[in-house]
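In the two complexes below, chain A is the common chain; its partner is chain B in one and chain C in the other.
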Partner chain A sequence: MNIAIYVCLGCMLVFGVFSAASRKLIISAVALAVVSAALGVLMYVLGAHTAAIFEVSVCSGLVTVIFISAVSLSNGDKQIEAQDVAVPARKRRFLPAILIGAGAILMIVAWLTGFSVGTPAAAVSGANFNDVFWETCQADIFGQMVALIAGASAIVVFFKESENE
Partner chain B sequence: MTVLQWIPHLFLALPMLALIVNNVIPRARIRTTTIAMSATVAGAQMLLALAGVFLLVESGESAVRFGMIWDAGKNVGYFQTDLVSMFLLMCVGMVALASALTALTTIDDHRGSYTNLLMVMMLGLNGMLLVRDLFSLYVFLEVTGLASFVMIGMYKSTRDLEGAFKYLALSALATIFILTGLSFLFIKAGSLAFDALTPALFSGAGDGSTLLCWAALVLLISGYSIKSGVAPFHSWLPDAYESADTAVSIMLSGIVTKIAGVYSLLTLTRLFDGIAPLKTVLALLGMFTILVGALLALAQKNFKRIAAYSSVSQMGYILLGFAAGTNLGILAGLLYLFSHSAAKSAFFTNAAALEKQLGTLNIDEMGGLQKRMPITSGSSVVALLSTAGVPPFAGFWSKLMVLLALWSAGLKGYAAFALIASILTGAYFLRLQKKVFFGKPNPRWDAVVEITGGIRVSEILLTIVTVAVGLVFPLLLLYLQRAGLI
Partner chain C sequence: MNVTTVMLVSGLILILAGCIELIRTHHMLKIIIGLELAIKAISMFLTLGGWLNGNIALAEAFVVTVIVLEVVVATVLSGIAISIYHKHGNMDIRNLRNLKG
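Our next item is the complex of A and B:
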């Protein structure tokens, strides 16, 4: 089980860095989906089954579809690639090294301090769906609903033509 | 259910109702009244919260717990309001009212979107003040941040988008810090509910998970400091305030940084009361912020940038109040937050008036406007005197209380520093007043007349609040003392 945890963490680190460092938006979106999938597996291994299903279906599935659709519709991938030519490759080379280095340091610190992940998982695994997603999280669900409204307002403000135009 | 149990529900229901009305009724029909509706909601919140403060003191209860509106009367409590949050809800209402009144004049395009975003921002701020666990606090913090980001970049000019991008980039960094800190705390405590987070988490020397708690504290302080714009995490703030519409700057400066950053830091100090390094860090951050903000304000030429750096500087006094770690210190910090919110909102309202009438905010181009714009000038002078801590305005009492709290907590060096630093506040504001309203009149502005409409109403209201609170402050203190709160 420990091996699965470290494999998932490693995948998340590598694909997360790849997602940030990639020149193409679509590849970044796919790498991000892999990070979410690895996180989903990690959650499942740790006993948070309901959260794992949501992570895989929403973050890895739905969000990736939205990302790729948005990139395809806006044709932004070509624009980003065109801008990217101007960025010196020398500068980009350091980013993955820094991020992977930071991740490695975190893992060493976790190992040295006897990092344990058992307790929270036990607290979540015993609860049923209703408890996890409604009875204990109504405030968060309300907050996320408002966040969705804020997101919709952002789209209206940034992408709709102005009333006077 | 009593009135006191009903009032907190309205802090979530009213902005949500306004959001629905604003989007259900066709935009063309509601265009002229949409901002007036948001002003009504903000004003109602201010009055309801004021009533709530007095009802809570009279009831003798420390807090009221409540669920969503469909759970009214049931014994559930996802939310909670106490005296601190009720008082801050009143501040949110006051600043949102000033912003909406200013927006009546400054915002022509995007009126519907402004109302939507203001209501979302109010929901985010109110949510932060009402939740009972650190993760929910983070969720509503993100709601507030998202609304702020969109409002800053609303007009899509290069300057707007640059300000919005800086805010977004640093907010993302703050988010990483906060989420990592929360996860570390969760590992140790198994819950992020306020009830589960106690100073006992930090006991147990040599234990790896205790080390995680200290790391969490460092990360959370850094994240919340970025959100509050205290030095050295302030770089996003002046650009965001300058580029945003003034109605938006009023919200950002007047309340968003206070609740998103300072209230979160206050929550940490209340949860982990007794952790000495936390108070030391807050005190040092406070001192550094006062100094950096004031020195940078002295070097600016743009009215809004001076107000922005002043906002950074004044945040330091609030942190110093909280750093005292006593009831008096927390009360002093909150009262400073209130007086600063009123004064800074007044300054940004003055900026809106000047920008509207003159078309510029460069103070070198102004001069002698006191005769042309007496109401704006008077409002600005009152805000200056209050911020500098001159009696009998609200700022005098709150600054005095911060000094007393520091002195009585044995932090005499910090108190002396705060007192001396007040001279810097006076210096940059006197320079501003001299260049803008006094001194030699610039013939270019001979035809300029005083501002009218919502901006004028906002200026007058905020000035009345600053003067009136200053005058009744001793009575307010007696009332709180009788209620056993200080």
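Our next item is the complex of A and C:
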């Protein structure tokens, strides 16, 4: 189990940093999808099966399609390249170095201070996801509905204005 | 050092990567990607918390809520980016300062 967790964490870190450092928007979007897929596998290994399915199908699929559609509707990659001309290449290379350094410092501090979050406890309740989601978290469901309606209304307004122009 | 500490450090690095991306660029799609990276780390922290406390069902409910909000944020920001592109010909977030009303 620990090996699967370490592999997923490694994939998330490598592709996450690559997604942040990449100059191409399409490559960044695909790397972000790989991060989502790795997070979905990690959730499944930790026992959050329903959340893992949501993560893989929605975040790794739908959000990637949205990004690629947005890049296709514009010349996003050319803009990124034009913007990067103003930033020297050596400055762009700092990002992985900063993140590796920060990770190394955090690991050393955790090792020196003996920091530990704890070990996983046994399941304290026998409730499954359906019971918790539909009975305990009803306010969350209403919030999600409001957010979805607001998002859909916003998209309708944006593209309606574009058609008028 | 156990696996939970490594997960915590990895999540912090992902949040740092997202924040640096937010600071570094003015392109809206890159900003959304940085934001998504940070939200992935938050989802991982929620799952880790549920796993540690033995209450993974509650953590799953919160993660599903975060995923729904993440998709709404990504969709609305992409719509704003495309609208800016149609109006100004680029996706520079500084163009939002010129909005009226």
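One rule holds for everything that comes next: the second predicted complex is superposed on the first by the 113 of 165 C-alpha atoms of A that agree within 3 Å, B and C clash if a C-alpha of one lies under 4 Å from a C-alpha of the other, contacts with A are read in each partner's own complex, and residues count from 1 in each chain.
As a working rule, a contact is a pair of C-beta atoms (placed from the backbone, for glycine too) under 8 Å apart; a residue touches a chain by one contact, two chains touch by 3 or more.
For clarity, every value in this text was computed on a predicted model and none was experimentally measured.
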Let me test your reading of the model: by the given contact rule, A:42 touches which partner, first (chain B), second (chain C), both or neither? second
According to the stated criteria, A:68 is in contact with first (chain B), second (chain C), both, or neither; which is it? neither
Return first, second, both or neither, reflecting whether A:7 touches chain B, chain C, both chains, or no partner chain. neither
What is the contact status of A:138 with respect to chain B (first) and chain C (second): first, second, both, or neither? first
On chain A, which partner touches more residues: chain B or chain C? C
Please indicate which partner A:151 is in contact with in the superposed arrangement: first for chain B, second for chain C, both, or neither. both
Per the contact definition in the header, classify A:30: touching chain B only (first), chain C only (second), both, or neither. neither
Per the contact definition in the header, classify A:107: touching chain B only (first), chain C only (second), both, or neither. second
For chain A, which residues belong to both interfaces, chain B and chain C? 115-117, 119-120, 123, 140, 143-144, 147, 150-151, 154, 158, 162
Under the stated contact criterion, what part of chain C meets chain A in this complex? 1-10, 12-14, 16-18, 20-21, 24-27, 29-30, 32-34, 36-37, 40, 43-44, 47-48, 50-65, 67-72, 74-76, 78-83, 85-87, 90-92
Over in the complex, which chain B residues touch chain A? Could you list them? 12, 16, 19, 67-68, 78-79, 108-110, 113, 116-117, 120, 123-124, 127, 130-133, 135-136, 139-140, 142-143, 146-147, 149-150, 153-154, 156, 186-187, 190-191, 208-209, 211-212
Applying the document's contact rule, which stretches of chain A touch chain C when the two form their complex? 2, 5-6, 9, 12-13, 16-17, 19-20, 25, 28-29, 32, 35-36, 39, 42-43, 46-51, 54-55, 58-59, 62-63, 66-67, 69-71, 73-74, 76, 79-80, 83, 95, 98-99, 102-103, 106-107, 110-111, 115-125, 127-129, 131-133, 136-137, 140, 143-144, 147-148, 150-151, 154-155, 158-159, 161-162, 165
Within the complex, which stretch of chain A touches chain B? 112-117, 119-120, 123, 138-140, 142-144, 146-147, 149-151, 153-154, 156-158, 162-164
